[in-house]
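Sharing a structure, written as structure tokens. Questions coming.
Letters A, B, C and D name the chains as they come in the text, with residue numbers starting at 1 for each one.
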Amino acid sequence: MIIVLQSTATEENVRHILEKTEAMGLRANVSRGAERTVIGLIGPEDKLQVVPLEVFPGVERVMPVLAPYKLVSREFKGTNSEVKVGGAGVTAVAGGKHLVVMAGPCAIEGYDMLLSLAKNVKAAGANMLRGGAFKPRTSPYDFQGMGEEGLKILQAVGKEAGISTVTEVMDPRDVDLVARYADMFQIGARNMQNFSLLKEVGKARKPVLLKRGISSTIKEWLMSAEYILAQGNYDVILCERGIRTFETETRNTLDINAIPVVKLKSHLPIIVDPSHGTGKAALVGSIARAGVAAGADGVLIEVHDSPEEAWSDGVQCLTSAQFSKLMKELAAVANAVGREI
Amino acid sequence: MIIVLQSTATEENVRHILEKTEAMGLRANVSRGAERTVIGLIGPEDKLQVVPLEVFPGVERVMPVLAPYKLVSREFKGTNSEVKVGGAGVTAVAGGKHLVVMAGPCAIEGYDMLLSLAKNVKAAGANMLRGGAFKPRTSPYDFQGMGEEGLKILQAVGKEAGISTVTEVMDPRDVDLVARYADMFQIGARNMQNFSLLKEVGKARKPVLLKRGISSTIKEWLMSAEYILAQGNYDVILCERGIRTFETETRNTLDINAIPVVKLKSHLPIIVDPSHGTGKAALVGSIARAGVAAGADGVLIEVHDSPEEAWSDGVQCLTSAQFSKLMKELAAVANAVGREI
Amino acid sequence: MIIVLQSTATEENVRHILEKTEAMGLRANVSRGAERTVIGLIGPEDKLQVVPLEVFPGVERVMPVLAPYKLVSREFKGTNSEVKVGGAGVTAVAGGKHLVVMAGPCAIEGYDMLLSLAKNVKAAGANMLRGGAFKPRTSPYDFQGMGEEGLKILQAVGKEAGISTVTEVMDPRDVDLVARYADMFQIGARNMQNFSLLKEVGKARKPVLLKRGISSTIKEWLMSAEYILAQGNYDVILCERGIRTFETETRNTLDINAIPVVKLKSHLPIIVDPSHGTGKAALVGSIARAGVAAGADGVLIEVHDSPEEAWSDGVQCLTSAQFSKLMKELAAVANAVGREI
Amino acid sequence: MIIVLQSTATEENVRHILEKTEAMGLRANVSRGAERTVIGLIGPEDKLQVVPLEVFPGVERVMPVLAPYKLVSREFKGTNSEVKVGGAGVTAVAGGKHLVVMAGPCAIEGYDMLLSLAKNVKAAGANMLRGGAFKPRTSPYDFQGMGEEGLKILQAVGKEAGISTVTEVMDPRDVDLVARYADMFQIGARNMQNFSLLKEVGKARKPVLLKRGISSTIKEWLMSAEYILAQGNYDVILCERGIRTFETETRNTLDINAIPVVKLKSHLPIIVDPSHGTGKAALVGSIARAGVAAGADGVLIEVHDSPEEAWSDGVQCLTSAQFSKLMKELAAVANAVGREI
């Protein structure tokens, strides 16, 4: 932690800061320049994070030296983590050479529809099925998902088609319920800082797909992952799905830069979701290819065979045929960067 | 709802759209220009919100005509709503001529500290006491609040000092608990789109202070209020507390423009929170004055008498003395715009 | 300047940095913590700004201690600067107790129209007339301004009505021309980092109204002012007119927080432009009042008496009658915060 | 153009709008719904862009149907444009199967240094040399470029090494000068809406590399290209180099989504600049690969062999060796998406 003093700070101000911080077991290093005095504090920085040093008299700015996250950091674990999802025969692994491909409809709409899609996406190369039973909708008047009935359909289809499953959980009271039916929890962008929910999935023993909030910095995103790991659940996959900017041609701005940044800072796998990131089917292919080329460990693609009839987000869905074509393109890009599908 | 077709759209595309929308009981009005055909649909627009018209062949863009919210809109209720908080003797009213002033510490730290602050802020003119028992913290390692013990202290202090109270609820499972102790729920910025939580406080029969999410548009914010009203709870106060932008001099960018915009679009009261909005004590006074001058129905100010010892957010707190001085300044500005404190 | 090393940095890395920086006449202070080594450099920080310390082996991050601007800073000049605009009899002063009020049409459209507006706004209390002769338009097909003919009208009207004038200059080749006709240059938001233009107006001996770019941080804005002062022209007035955010209800998001931030960091006067900031006439009054309450030294308001016929930006204009009413409201708010109109 | 009326609009309001618009030769189509009346206007939309319909009594909102640009649009020209840069023997083409690769230092620092770099990047596969002689710097105290001397070096090196050249022009007065020495103008991000400059390069008969402003929408960017084409210069290459968002891990957020969006809307070639987009050498490779995978027509990469000594932006430069390695990776990705280097 580094403390920059105001140009008007007094020796009394310096003494006061030193007394307080040394009482906490920290060693201080005072540099007196012509224009500013700077105090460097050596010792456990986390002790200082709870002390509002900015309000001490004479302080202009406080600059932390260390990242606020630990368990998710590359310094804690140098090698890439691999997260295994699903039981014997249907295991998908995120973080290895083989990419993880999650595909399926935005919302579960029925058994037949989901089974047909599951077979199609698996045949095309997907190794996970996605589908929402609880839908976070901006409007209270929009379809809110099929709930437990949808979860049952997801589980049955996963078994029938031989593919592992992921679905969103929105309420800490539903964590046990969702855990009974699905192979992986999804935490949606709107709940990335729903700390009660993060703690609950942290206590569960199933992998978690943690989407980035649309206004979250990468640091905050990693802190939310830290909430889950801090509860003992190390199986977290990050998912970049777009941030909110001023640009309106796309629903969100998928932040491709987050992929190499996360790879530098964390050992956790990261995938991209170009369907929600762009909000337009015509852009999904380009951005999926870009994600793989940038080093993502996989993709999440919305697929629906009757977009005109979709109960949610039809505008960004690919059909099974479009998805199948995209998978061939992704395989070529994956090979070009030393990965495989 | 207005549908703009692509320049390459065919008559067959037009026919398909007309069939589908007329089957829903809508009347269509087709305008054929030299460069584009435009279809206007007349009838209940909410039916269309669930149909992904953008994916119909030949469609370029879909433009809604009506706002997606109803109960919160000025069209639904032309006069300003007044929200009453607290029982006999301690009632604060938001939305009338008299401004509502909520003040207190970020986190409840103990009975004596809170009582002392409650007396100070009440003496200075505040009519509500705020204090957090459940704290949403970016880091899992930061202080998470005193929980129920904090709620008990808040209730006891409210009674002793004769002031109504507001505190944050973060988890749908805690709504009943919080309702037993406090006069108003606060929904924090991070939970503005925690729809499970919104539904629970919508079912409760206590007022709700709904903070704007840092990346939420005004439209999304009003939609979140709509979630609460749709459950039958009409006592919602909106709170502008800053949005996330590229500027880093302030923690967030308090969006002063939201005040007159909300006043045009909704009948609900709106207050400003310059403490969280700016994140710096030195800026709180200017922005509180600006909020009142812009037409806000009140302010929320963090107050703590030992900022150096505050367990949370000390950097943006005013002391009781600073708060008392600010209240005099706010009274002058309130009078200048036809309001009073 | 503070250099934070990577956790993997070697003693050789440290030695290399010390050699290079000491060769520049800087004194280094090395703190070795358990997790990081930090090097503080004492001496003229500007020497370091041209050395890319981030690329030195072993360096993780470089954190400057001092602000990059000098002449515009409060540390350079503690008292508020007053900027005088216009000659004898028509002088307006920005930065004193009396607020500066600039009003007029977006574009100059003719002599009679401008004279009528000039008389109206002066009668209502404005002390400067604004009007554009060179218009920066997003589209090449939009009206680009009357050019020199417009400047002549502006000058003639200013003399006739007895009011000082401000107009935009967009091209370094036009600086002398504009200087012949107007009392103050305006640098528009799109040209805030047009450094050739900044240097030219810096060499001229007329005051400059420097609008904030829609994506500029406050620091960058002050750096652009520094460009002008560095050429010897100290008469700069800053103008906050909205930044670009995700919100679409307003054209831009007027950043009210910039007012107290600038007041802390700089001695230069600052005004607000709610007309361009919000882009909607219905919001102008609230935001103008907020600006004055927050401590602005004045306002810039677009006024036009036939908004339906305006050649540019009619949607955000007040009529003379609306402006006159607003001036009375602003006078009340000004008095409430110890200023006057 | 579609006009949505307020719910309170009167028949008199409708009549007034119809009179005005029909007087302009437009045909109106009035739809009366239960909650809103909507007026569709058929005829040349550009006539309407100069009329502020929003201020007409009873109008709530005005929604344009057509994009405001013409010459740059896909509707104007369906096939991809190819832009040729440089004379016989050194021609680079943007927009074809072969990617254009521009590489070189941020600033020209001398003949030997530039020649060495030119040979290295050409050997690695680059087909254009970049280097700045006029540098737009946030601080007036930073190195502003070598000016004409730098241009002479650039030209001499281009001839010697046999490679075409691009360099930034910042001032309309320098357009002729730059045209004498370089094969292509670069308009930097800060000058994307410097309309005087756009008009000058539009009149010149050399290709233009138009960088996107950090706060510009794609629509505004295309409008700035339209300024150049409207002057008769159709040889414009667009360059995505990052937009400003709240994220601070990268200098800007390179908007990968802009590539497929531009490809849908315009026939102009588009390249990516991951060096400025990310501001960090460690991220350049991933984002360059992503750009090519997303469909970009080329890349711009900063290369410098002594980043520690670079006079500008050393922190984001690759060395010649790193660049050479990247070119091999890019070639593999290019092949995977049907392109070549």
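Heads up, the rule we're going with is that contacts are C-beta pairs under 8 Å (C-beta built on N, C-alpha and C of every residue); 3 or more make two chains touch, one makes a residue touch a chain.
In this text the structure is predicted, and so the values were computed from the model without any measurement.
Any chain touching chain A that also touches chain B appears here: C, D. Centroid distances built from C-alpha atoms place D farthest away from chain B.
Centroids built from CA atoms put chain D at 26 Å from chain C.
Work out the mean CA point of chain A and of chain C, and you get 39 Å between them.
Rounded to whole angstrom units, the spacing between the C-alpha centres of chain A and chain D is 31.
Residue positions of chain B touching 2 or more other chains, listed in rising order: 215, 244-246, 248.
Touching chain B in their complex are the following residues of chain C: 215, 217-219, 243, 245-250, 253-261, 263-264, 277-278, 282-283, 285-287, 289-295, 329, 332-333, 335-337. Put simply, chain C touches chain A in their complex at residues 2, 4, 7, 29, 31-36, 38, 40, 42-43, 63, 65-66, 75, 244-246, 248. Interface residues of chain D, counted against chain C in their complex, comprise 20, 46, 49-52, 54-56, 68-69, 136-144, 170-173, 190-191, 193-196, 213-215, 220, 223, 226-227, 230, 244, 281, 307-308, 310-311, 313-315, 317.
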